[in-house]
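Chain IDs A, B, C and D follow the sequence of writing; residue 1 opens each chain.
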């Protein structure tokens, strides 16, 4: 399995607190979570500052699952790169969208909605409950996962009805959120998982790391990539 | 619209506190909620103690939507009546299952699962959040509905993935619950709504009453009843 | 109900055969189907050649349901108009996408996939079977609808799993197609219906006209438009 | 993987033609298909005539996936055995229901509907089209699968909306059918696949055999069995 971990890497390079929390960047923390649970995987990282954001045609063609973290710089992501990523997802590349990635261009392009939600950043405790207990993404985590400090993401979350709803979170403030959702688009599998923030050490949380690794494993394609093009059936009838 | 409100009516007739809370029975409270919002509807009630539990073939044939409340006496409901109700739901009669009705024979027969859940009765506050904001069942209620005192119903709720998920609740204890779900079975529409309990005055809560009335309106069939029988197509081909 | 019927109107203005088949344009035929079944509706038309394709902010703000037909000129539709339509759909305007509109910019933007399919234009007979018999969109049409001459649209149809699958078609050549599908996106309802073509008089077919009118009625919003913007919850907790 | 192949085994023991078509019984043909593609699996068979139909508590506790074929003798299956099978499915045992098993007690108990359909036995050709091309159950089969002689099963098929729709069939007569569907119930996975009949040699068809084997592989549980019982959460709150 070949995984590319993408991160805009802006908070870490401009805010001391975040840099101390994630000395290898959020991408470093996410990559280590995947490596921890999939030691056989080839995991690389890419960031906004890289040429073509590190997501060239070659990189994507060699990627089974792409994970995405962005927050401050969604609009700086090149539209051509977004289209390229979308084409690869539709052709079979898995995509795991994390936390504030819900407003990324690529997530909104694939889902078609605003992907807005309610939020508040005041150190809520988040509980992540499993509502699909045999789903491979929920394997090996407690019911609930307890995250002591976290930003609140609440409903209404403006997404299409997910193909599978795996996790629902509650927050100290009483809010709820569909925090783990899957979507199939074209030949690709998409997993959205909301826990995780630059302001809290959530990507060091063992259960969160496990879920991300589970999601990557689930999203990996089982077949060769099939780039979407218009394919006409031959004119012959079956009749 | 012709509505039949069914209630086992055991708590009310055996426990003083419940009788004081619901002097007309839970069925009386539910019926008044429906009448309040659908003044044109013909609403009658039926209880476990009635002959055939008040659910004869004639009553069901004359019912557009049946609401169901039971708790202590699920096993006392006659299997023949359950089969009759199931047949009418599959033929187009709407069904609104309330609160502890999740373990009723009719709900389990229609869904096929255990319909179990986690629970705790310690005066939680329940918040009911809308996750399908344009659904007619969510019309006219705040986001969230606040229920100051309520029993806790929590995940995992062992139901099939609902056709539509309308409400998710949180509780003071931090639990979450898929508290408003729809299911289509045969020609019938089913709405499950969890808020409501014999130990708390939830059926006097204005927003809860509105949701129940909305659910009844949504579940009402738009066409003539079509009793399910095996219908073979004539042998002629279209080819 | 205020309906706007959009048509690229290219075939009709450049091909004699099509002009004879649809003397009022495909938009004229579609509009008359809606008026026939919803005599109370205010139905207007708009085409590609109109300024801003006839879809100004004012027109869309005054539209409850938009129907869309396009084929040859998808790429000529202005991206700004597509974004405007998408914003109105997400805020509650209904959208009915017809036939070759499956490759329109607006349909692909809302669904996120290629929306490709297999096709063959050789005068198949299409049979449209109902698989959701109580859905309001299937009301009043035979099982199956028989369309004697029609272009073939076949699977694989690259769309997200629909929220509701209402019709499945078969063709003389043996192909099948998910020909009637609904999707909810944001506050808007979307209905895709494939029967209909410039090369065949399908929009004069009584059952096809009935389904289109049913779809328009279903897609109409039940509440005031709610333009999507990022809305943060106030900071106060419920706890 | 431990698989139990169940067959009522009535046609084969009472009709010469069927016995010649399936000399090892339909169960023998199905078992050989599974063994062919899963040589490591432990596959056994059980039939209606066996004590407790061969489905004792011990057998089920030692079964990862059960396949079911029945037709003439649905009503002769003991209700206690049906309840036992249902309990094991809800606790995680996979279930693959084949062809006329759509009217079996176990399928109807798990789905809650009549599971009726239209049918005609006149040697149609069936084409099985894939509409979920990356699903593991569709792996390795052509699009479409061509079955030269087959009974017709047509819509309306009275089932709940499937969790996943994988195959849609067309028939010479022009009918369509949702021929490959998945359902999750409790902790168990259910796959229904309609091709296959006692009157035609469909279980010797290579592609049909492949799909059945794929379905068995998909339905196998990934975790230890978890028998469903009412589990109350401890009274302690998370707050």
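In this text, contacts are C-beta pairs under 8 Å (C-beta built on N, C-alpha and C of every residue); 3 or more make two chains touch, one makes a residue touch a chain.
From a predicted model like this one, the values you see are computed outputs, not experimental measurements.
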| item | value |
| --- | --- |
| Of B-D and A-B, pair with higher C-beta contact tally | B-D |
| Separation of chain A from chain B, taking each centre as the mean of its C-alpha atoms, in whole Å | 37 |
| Separation of chain B from chain D, taking each centre as the mean of its C-alpha atoms, in whole Å | 32 |
| Multi-chain contact sites of chain B, meaning residues that touch two or more partners | 127, 132-133, 144, 154, 161, 172, 174-175, 184, 238-239 |
| Arrangement of touching chains [line / ring / star / complete / other] | complete |
| Chain A residues touching chain C - in the complex, by the definition given at the top | 86, 90, 109-114, 116, 118-120, 122, 154, 158, 160-161, 163, 172-175, 183-186, 228-233, 235, 237-239 |
| Chain B - residues contacting chain A, complex | 125, 127, 129-133, 143-144, 154-157, 161, 164-165, 168-171, 174-176, 178, 239 |
| Interfacial residue positions of chain C with respect to chain B in the complex | 92, 125, 127, 132-134, 136, 139, 144, 146, 172, 184, 187, 189, 221-223, 238-239 |
